[in-house]
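Multiple structures are listed underneath, in structure tokens.
Two complexes are shown next, each including chain A; its partner changes from chain B in the first to chain C in the second.
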Partner chain A sequence: MSEQGVAELIKNPGFLAKVDRLVKSYPRPQTALIPILHLCQAELRHVPVEFQAFIAERLGLTPAHVRGVVTFYEMFSEEPHGRYLLQVCKTLPCMLTGSEALLEHLQNKLGIKPGGTTQDGRFSLITVECLACCDGGPSLMVNEALHKRVSTGDADRILSELE
Partner chain B sequence: MPLIRIDDQEIEAPQGETILRVALKHGIAIPYYCYHPALSIVGQCRMCLVEVKGAPKPLTACSTTIGTLPPGKKIEGKYDMVVSTKSETARKAQRGVLEFLLLNHPLDCPICDQAGECQLQEYSYTFGDPASRLEFEKVHAPKRVDIGPHVVFDVERCIKCTRCIRFCQEISKTGELTLSERGVYTRVDIFPGRELDNPYSVCTVDICPVGALTSREFRFKERVWFLKSVNSVCQECSRGCSVRVDAYKGEVLRLVPRDNPQVNGPWMCDYGRLVTERMKGLDLAGRPLLRSGAVWQGYEWKEFGAALVEKMAGFPALKSDSWAVVLSGRLSLEEMAGAQAVSQAFFERSAGSVPDVAWGEDDELLIRKERRPNLMGARLMGIPVGEQNAPLSGLLTGKKAALILREDPVGDAQGAEKAAVETALASMDLVIVADSAFTDTARLAHVFIPLAGWHEMEGVTVNFLGVAQKTARAVVPPRDRRPFYEVASLWLTAAGHEAPEPTFPGWHAKVKESVPGLAGTSIKDLLPNGLQVLDAPAKDKVKKGEGA
Partner chain C sequence: MTEVLKLLTRNVGKPNSTHVDAYMGSGGYESLMTVLHKWTPEQTLNEVKAANLKGRGGAGFPAGLKWSFLPKGKEVLKYLVCNADESEPGTFKDRLLIENDPHSILEGIIIAGWATQAAGCFFYIRGEMPAGARIFQKAVDQAYAKGFLGKNILGSGFNFDVWVSRGAGAYICGEETALMDSLEGKRGQPRLKPPFPAGYGVYGVPTNINNVESYANVPLIIRNGAGWYTAIGSPSAPGTRLFGISGHVKRPGVFELPSGVTLRELIYEHAGGILGDRPLKAVIPGGSSVPVLRADQIDVTMDPDGLKSVGTMVGSAGVIVMNDSVCMVKALLNLMEFYAHESCGQCTPCREGTHWLELIVRRLEEGGGRPSDCDLILDVAGNIMGRTICPLGDAAAMPAISFVQQFREEFEAHAREGRCPMRDVRMTAAI
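Right, the complex of A and B next:
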């Protein structure tokens, strides 16, 4: 991941080429919105309002509509995430198998509450709706890697293996 | 056509029509928030749940359409659909939805402007449970968000019906609003740094079924049940939107559009609505005045007729072409008839022309650039309408006397044109100005006649589509301003001429003689939505909404 800002990103020819490719792969430009938001989230670790306004104009949508999409999905955030995004499932099956203890352990270990980011910018912690592995609770997703049946010890190990 | 039964009414309903629309058409009450006849159907609020026989769960009446069953499958041998709005299932569903809607609602009705015209209050009373079962803290949200220059948003009160969002997407086509966040934190939101600022923004306040969106100009002014309302017509452009004027203690507090499919649908523009604010700045006229030198002398109306005739007698040479008679598209038909009668009797000429004052542009919804409401009426009365924005100095220069009604050629002009008008008026022997405010033009007059404002009088105007509508008296003029037709009667009779009764019906009868479209009609025919007195150009016809 690069550390560029939104102003550079929306002028970056490589990024814009990707955006154009996405727009062209659907019958209507607005269908490309979510894939493009994923691109931005991956590049900047958030989707700032400046980008929302930029892409709205590009796709012929209103900025308000784009913001509605960005705030609806847990996958997008308006504030920058840390390098590692820890997502703890808060739905029923995971709770029954101990997600509350897992969440509390992570909070204590990192010194942040859900929605927070550590001072060094390494970790962000959020709670999410179902991660689609109810058979493997409590589940924890670190960036794009899903971990099942995560005990507090497992969590320590997973975090220590991260750079 | 499918035969359906709603409660105990048998109805033949068009295929594809929704249950809610059929029910409303037949006077069956189904509660709803998100449905609006002029907006798309979203099934967002769930308030209109009804029991439909054969369906596994209650269905939203707003989005469930009526179809046809094959002959062998009819319900009870003949019905295509059987709907119950009052069964235990339906009642339970309605009660449940209301409980959810009220779950996080602040219940701050005592300080809420919507109280008294709030559908949440009304339905809670009719369909709701008296007590809440919520044992947890409510979700709190900001109480005062300035989302636009004229709209204030109380996030807690919102029930997320999305009418305002759909209005901005579908009607004003500006799309400022959206739903942001998710679940219990969902809220109507605006893009950071932008505003709900379009020419129709206050319509979102009209259609908000609760007190979430309130008008900055009206909020906290008065409880709605104390307002005195009359049906009238907006006078700010040649559209002439049907409005309801709400007044309290002699002050017009707000204008609200009345649904009129022929003219404005359920909407009106902010500019027209905010005439209430512009009225506050007017130097409203009081008594009739005569000026000699620099001294203004006030008169009672009963003496004024004679004083005016006496003043006129001092200028026996002023006849026909020495006069400039400037009428206005702000005059009602009856006032125009009065001006015609006065012109003939005293100036021995026909009434002059009506300036066509225009600014801005026509838009695709309602706003017209012609800023006078009754230009079409003038044409029907045989009064010529000037070229658009033609300078009035041309009409006044070189004349010896002028009668100027409801126009302010000095105050409305700038630069060289203003100077030319001032010079022309200053060189005249006699200038008579009649208006509801003491304008810059009035300052140069020898005679000033205070006229009632459109909100203080009855009168008929004809909009650009040829629809004649009647204004009504929302407030009694605090000082003694009168419609020009009353002044005309007074003036004519003081000089021994015949004149109609100094009343609206008296002069309206005279108008009917000259406007063919009004022949044989009564004033009642003009209510509530006006009367087409002239065929409108088909391309200009609007059909938006059909009964809210």
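Right, the complex of A and C next:
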């Protein structure tokens, strides 16, 4: 499924136009690499090696360079995650205010460990380092939406409001 | 009680505070107009230098002095970078400015561009702040539309661009040269210095880099003058600071205060005291990388001199408060996991040392500790200090050393009892 997804994506005129705009928007094209990887991650929920090869050629880089970048940054993954990526901040200020209980609740509710994805492909659960929202601990990011002071009850409500 | 000053935070909470018209309605971009029409780049730089604006990212280096390291003249291609990769645990002040008042940062950046005659600025924002990136990009678009960016800004003949770029989840990219490598589409690994960024920065072009809060101070300095600025706060660190306070306090948040406020006042007055009304146990005063303080060490001013007197640093001004429900071994384990995870792996002392620190602290917390572990932590951390390309190694070693020194008895009790003595204590939660 992922291969088909990537094959379609790199032929999609709308997507290619976005890539072109990014390449031209910085003083040098290589600066567009990480922003373009973000685009791919957002579209496919991962950055498969086929896309890495495509963008390497487009920017005049080696596939190995691109893979080095993809594997260095936490926000890029080579395996797809679920439709909703639940990111529990585990760093000290959030731990002090209750992130362990929040994580445990989500694990029990979804039946997955951090790094896992529910069988229906809806939810992936991960722990992340400090989200720079320490006054809102425990904090939870669901895809791009940041939630602050999330009690277990809040977590249930947030999840129930998702499709 | 030291009063909160609304200088950097003057627009926070106002309606439409992120829009250029609202910003201009309260005098925004007037400082830019002043320097472009009335001041030479040199005068502009000298004013910021005279204000003794100390960098707000953590190192506290004087911003004006840093600007002066760039080669002079507009014929030399130069760049600026705004470091918006806020990721030091306990630090969340730049987020407040980016999401509420992006134009104050942008105006500071453009003024810095004029002072240094740079061609443009890269705004590198954390990948985990997508909303902030969109807000800032919108502010940039509005500034182009008003003629504050682009060619021949306000008829001055000065050209300046701003490019927004997102990180992708790597604490190390807050380090200036790792950030520059990341901007070049590479893994974010710090560069060996020298050459320093002022001579060899982004793409090898001379580059100046400052923190979000540092740039946001610049329009205020231009508008009110260096004399006004240096009269606020402590002489060693003029101006206000955005103190972020988190953990076990009743009112966590960002408080803008003169730098001379005491840590006790910050915790007990501004942040409302300790959560759960329990005794204070420990405070990390400047982001997770600085040495920890005990409860009896908080009668100090939150400036470089005050915190130096108790062996720590003001860092990023992110204050993490812990009450007596916290096990200090567990707290250190959390930080050691962080640094081991975020080490870029380039230098052996950091790559190996942070990993071993995590393992040793973990075995203490989980009941397998040895009597010699305190000395082993000090030894491993001491062998990281000063032996790496960038400060991440030191940033991991400093909390490790200080936690053991300040709370040695608690660490030793873990080894002696073969378990965590606080395992039955329920840690105070905020929710």
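Just so we're on the same page, the second predicted complex is superposed on the first by the 159 of 163 C-alpha atoms of A that agree within 3 Å, B and C clash if a C-alpha of one lies under 4 Å from a C-alpha of the other, contacts with A are read in each partner's own complex, and residues count from 1 in each chain.
Following the convention adopted for this analysis, contacts are C-beta pairs under 8 Å (C-beta built on N, C-alpha and C of every residue); 3 or more make two chains touch, one makes a residue touch a chain.
Everything numeric here is computed off the predicted structure, so don't read it as measured data.
After overlaying the two complexes on the shared chain, residue contacts for A:C134 are found with chain C alone; chain B is out of touch.
Of the two partner chains placed by the overlay, only chain C lies in contact with A:V150; chain B stays clear of it. Once chain A of one complex is fitted onto chain A of the other, the partner contacts of A:T62 are limited to chain B, with no touch recorded for chain C.
Within the superposed three-chain model, A:Q52 lies in touch with chain B and out of touch with chain C [touch as defined at top].
By the touch criterion defined above, A:F72 lies against chain B and chain C together after alignment on the C-alpha atoms of chain A. Once chain A of one complex is fitted onto chain A of the other, the partner contacts of A:G82 are absent, as it touches neither chain B nor chain C. When both complexes are overlaid on chain A, the residue A:I34 reaches chain C alone and has no touch with chain B.
Taking chain A as the reference chain, the count of touched residues is higher for C when chain B and chain C are set side by side. Chain A residues in contact with chain B (one complex) as well as with chain C (other complex) are 65, 68, 72. Only residues 49, 52-53, 62-65, 67-68, 71-72 of chain A touch chain B when the two sit together in their complex.
Across the complex, chain A meets chain C through its residues 25-28, 30-35, 37-38, 59, 61, 65, 68-69, 72-76, 90-93, 95-98, 101, 128-138, 141, 144, 146, 149-151, 154.
Only residues 86-92, 94-95, 120, 122, 126-131, 163, 165-171, 182-188, 203, 244-248, 252-254, 284, 288, 318, 320, 322, 326, 331, 334-335, 337-338, 341-342, 427-431 of chain C touch chain A when the two sit together in their complex. The touching residues of chain B, counted against chain A in their complex, run 169, 174-182, 189-194.
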